[in-house]
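Two complexes come next, and they have one chain in common, subunit A, joined by subunit B in the first and subunit C in the second.
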Partner chain A sequence: MPRALKVFGWFAAALVTCAVLLLVAFLVLRGGRALSPELIFGDTPWLDAVSGQKPVFDGLWPAIVGTLALVGLSAVIALPLGILSGVWLSEFGRGRVGRLVSTSVDLLAGIPSIVMGLFGFGLILALRRSFAPDANTGLILSAGCIALLVLPYLIRTTEVSLEGLPETLRLLGPSLGMSSWKSTWHILLPAASRGILSGAILAVGRAAEDTAVILLTGAVASGGIPRHLTDHFEALPYKIYYLSANHRNASELDLAFGAALMLLCLTGSLFLLAAWLQRSLEKRWAAER
Partner chain B sequence: MDRGIKIVTGAATAVSALAVLAILVFLAVSALPLFESGQFGSTLAGGWQPTGDLPRFGIGPMIAGSITLSLSALLLSFPLSLGICSFIMGGAPRPLRTFVSALVHFMTGIPTVVYGFLSVLLLVPLIRSATGGNGLSLLAACLTLTLLILPTITLMLLARLGRFDNALKLSCTALGMDEAQTQLKVLFPLAKKGMLAAAVLGFCRALGDTMIALMVSGNSPRWPDGILEPMRALTAHIGMGLATDTHSPEYRSIGAAGLVLFVLTGVLSLVIRSLGQENGEERRVA
Partner chain C sequence: MGGGEMNLQAVSIDGLSVSFAGRKILDGVSLNAEQGELTVIVGPSGSGKTTLLRAINRLNECFQGSATEGKVGLSLATGETDAYSPGMDLGDLRRRAAMVFQNPNPLPMSIERNFGVPLRSVLRLNKEQQRERMERALKEVELWADVKDRLQENALKLSGGQQQRLCLARALAMDPEILLLDEPTANLDFLATEGIEKLLVSLKQRYTLLAVSHDLDQAWRVADRVVVLSGGKTVLTLDREQMGEHAAFRERVKEVF
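For the complex of A and B:
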């Protein structure tokens, strides 16, 4: 039996490694061939496109801008909420209320992203029927729903990073006569900052890759660069989804490959960075235990 | 000042916690007409036949489809994850272990839409040419989902097994056991709860995934009846149906699908919670 386990371990590792390497190699080779300035900017000169003077019609530029805007906006909403909630849970979340909050964070983490999108869509419907008849799906709605989606990651990593700090550090502030606010702000949060940063990076990665939420809350296949918070927008993951089913010719498929490669590079590097930060943090405090 | 931090962080926490409640209330309200008209049972268990003399808008096939798809992906993914864990925790040369471990971490970062996209281009044509049919099937979705949930399960298993590993390794080595024996006879039996939690987490992740089901399962709204046949998952049903009129029975079936998903994943989250206090590693990959 132990021998069988060993053999199976090798088999599983080899199988999964091969499958993933095959997929990634295919994407990198095929997408790398497609990737070019024209793929991103179309026929528009890149300087005009980046400065926003001329629109890009057949390139990925609007989708890139859309994804960046979406990620930035949702981070602005989710980061303060998530970090503050994490601080509360680790500092005051001991009693019954704390357990209740902790449970609801777990529930929030388990909600599928499509349900979050459905929630956003329903919110707009409700607004239309009540006091805002012209409410429509758009960038800010998507950002809000995505913020809800990544909130639990932020809360948990903040909480865990704070709780992972050694007891000596926790006692340092009070022993110097600092208020708990000062102790948290000047000692605990800076010491836990790497862990919190890894949570934030992870949240950004999740926000960039999610497709199901924006599918229901305002992403469109071609809409140019969003000018207002309520505009519809393009996004890389939506572009991939749309083109994979609706490409009419080889150059549109190239667009999808380019978008997929860019998205993979973006999220892959973010997730690896977060994992590395987490590891270095564990090493740092392990010595103090 | 101390009151200040309590109030500010408490307010943020209240917003986060109330979001869950708001979503639940919203889903319940949008599925309310079904309760009132007494169609709840037939919507949940009934079939989907939107045309004809007696149109039916049941999401039974989608519930069955979601569960079949997630269970079959879990059935493939869990043993593989366990194998990879045993590989990473010992038995293999260190450089290989580091490489596979980094690969698993990298896999958590592959977007589901990229999996779906590659599957449409590589796996679906393969299945099509091997079996006839159009290739969009339970099998294609299941194989793709297997890869998607593998890092989730593996990382949680590693975290849970690792809790025992450090403390016990020395004793087991002293008893003359090799790594595979230690895992099989000591670690795995000890970490039963952790293994169950990892399996439930993987199932939950598969259940909640939209893009793979939407892109490669074929989306045909019938009871799942074969591994090579197309099927439709609950998530995909929500994803494809929003173009419809919002007062129609189709739209109400979408509300019901959302409610079913919320309740299912909610119950499973509570199960995972009760199977041991989570730490950052586990939640991070959820």
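For the complex of A and C:
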């Protein structure tokens, strides 16, 4: 029996690796064909596009900026909320209130993203009918709904990585006279930072790829770079959907694959950034030379 | 008062019961530890030794479902106090009754930061004061010479014995009056154990020491007073005179185990 388990284990691991490699290879092959400066910047010189002097009409640039803005904004909302909720649940959330909060997090995790989008849309409708007749869908609404969507990942990974710390580390702070919050802040959180990072990566990935939420809350097919928080915006996942749904020939479909490849590169670099950030924070915490 | 000085009771525990989630771990324990003495609590595993130690600095309350009854009287520089009196400042109590754990638990950071973090966050000392405290404490545990040139190195690079000395020094840097030691040599080799034992004997002039040990020979070597715990109750207390010869002591304690 253990032998069969071993064989199946190998098989499963190999299958997963093959699937990922195949997917990436396919994406690189088809998307690579379309990948060029024109794909990103259209007819606009790249320097003018990046510095914002000239708008980009036929390129992915506005969608890249839109997605980055969306991910950044939702991270700003979700990271502190999620990590603090995780800390509270792990260190202080006891009894009935703790169970209530924990159940709410489970419920939140179970809400499909299209429902979250619908909720955002409904919120704008309600606002329009009541005290803000000018309210409209836009970047900040999308970011808020996305933040709500990724909160459970952050909360659970923070909670689990804090609870997984050894007892000797958990008791150290209190035994030296630190209050629970001080011990959590100075000792437990830094020690759990690697686990929390994995939650942040999950959340960032999810925020970058989600289409259903932004579909209903402010993403548009072409709107240029968002100028302020309530502007409509372009985003890569929506762009991919739009390009592939409206393609008329193979080379137009390749544009969608090119956009998908861009999205993959974007999330990949965000993961690297997160890992680098975590490592430099850890180094600062350890203060060793 | 005639001949010797009266020994003050630094810790006097009376009728102490502790339970976790309804399961009784300690059942009416009474114990006295005197100033300038090293009191060693021995007993079979599961007898509640660690729980007894953690009842003194109220560390049991870090776990869910703990309930404590009884009296833990402490005689501190600020006067007589009951650890469980309402309004007790837990941070202050735990700083004054410092604890060293069974497994050395240095923080995975530089030696200097291991002192800096608690000294700054609890006592709000500045960099210079932190360094002074650290140096004094490291000298007290005879580790200063070994580490003074490598304070920026990760504390986990030290040997097991050195790590335990570091943890002891970190506790001492907080300026405690009572030291609670939970099997401080359980995971050390015999040479490091010997070193820590010597250190404890030298420290008892300045601090009241309460240690837990599963090692009867160790208890006989270093203790001024031995308290035997079994099934959550104190079953025997012996002072140095009553402990007698090594073999007789072993027999006597084993009987009540």
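Just so we're on the same page, the second predicted complex is superposed on the first by the 234 of 289 C-alpha atoms of A that agree within 3 Å, B and C clash if a C-alpha of one lies under 4 Å from a C-alpha of the other, contacts with A are read in each partner's own complex, and residues count from 1 in each chain.
What we mean here is this: a residue touches a chain if its C-beta (ideal position, glycine included) is under 8 Å from a C-beta of that chain, and two chains touch if they have at least 3 such contacts.
All values derive from a computational prediction rather than experimental measurement.
Contact with neither subunit B nor subunit C is seen for A:197 once the two complexes are overlaid on the shared chain.
Of the two partner chains placed by the overlay, only subunit C lies in contact with A:178; subunit B stays clear of it. Taking subunit A as the reference chain, the count of touched residues is higher for B when subunit B and subunit C are set side by side.
When both complexes are overlaid on chain A, the residue A:169 reaches subunit C alone and has no touch with subunit B. Once the two complexes are laid over each other on the shared chain, residue contacts for A:186 go to subunit C alone; subunit B is not touched. Of the two partner chains, neither subunit B nor subunit C is touched by A:28. Looking at the shared chain after the overlay, A:16 reaches subunit B, while subunit C stays out of its contact range.
In the superposition on chain A, subunit A positions 179, 182 are in contact with subunit B in one complex as well as with subunit C in the other.
Taken together, the subunit A residues at the contact with subunit C in this complex read 94, 168-179, 182, 186-187, 191, 285-289.
Subunit C meets subunit A in the complex at residues 57, 59, 62, 64, 90-95, 98-99, 101-103, 105, 107-110, 112-113, 116-118, 121-122, 152-154, 170-171, 174. Subunit B contributes residues 1-2, 4-6, 8-13, 15-17, 19-23, 26-27, 30, 79-88, 91-92, 96, 99-100, 102-103, 105-118, 120-122, 147, 150, 178, 180-181, 183-185, 204, 207-211, 214-215, 235, 238-239, 242, 246, 254-255, 258, 261-262, 265-266, 268-270, 272-273, 278-281, 283-284, 286 to its touches with subunit A in the complex. For subunit A in complex with subunit B, the residues that touch the partner chain are 1-3, 5-6, 8-13, 15-17, 19-20, 23, 26-27, 80-82, 84-85, 87-89, 91-92, 100-101, 103-119, 121-123, 125-126, 148, 151-153, 155-157, 160-161, 164, 179-182, 184, 195, 199, 202, 205, 208-209, 211-212, 215-216, 237, 240-241, 244-245, 256, 260, 263-264, 267-272, 275, 278.
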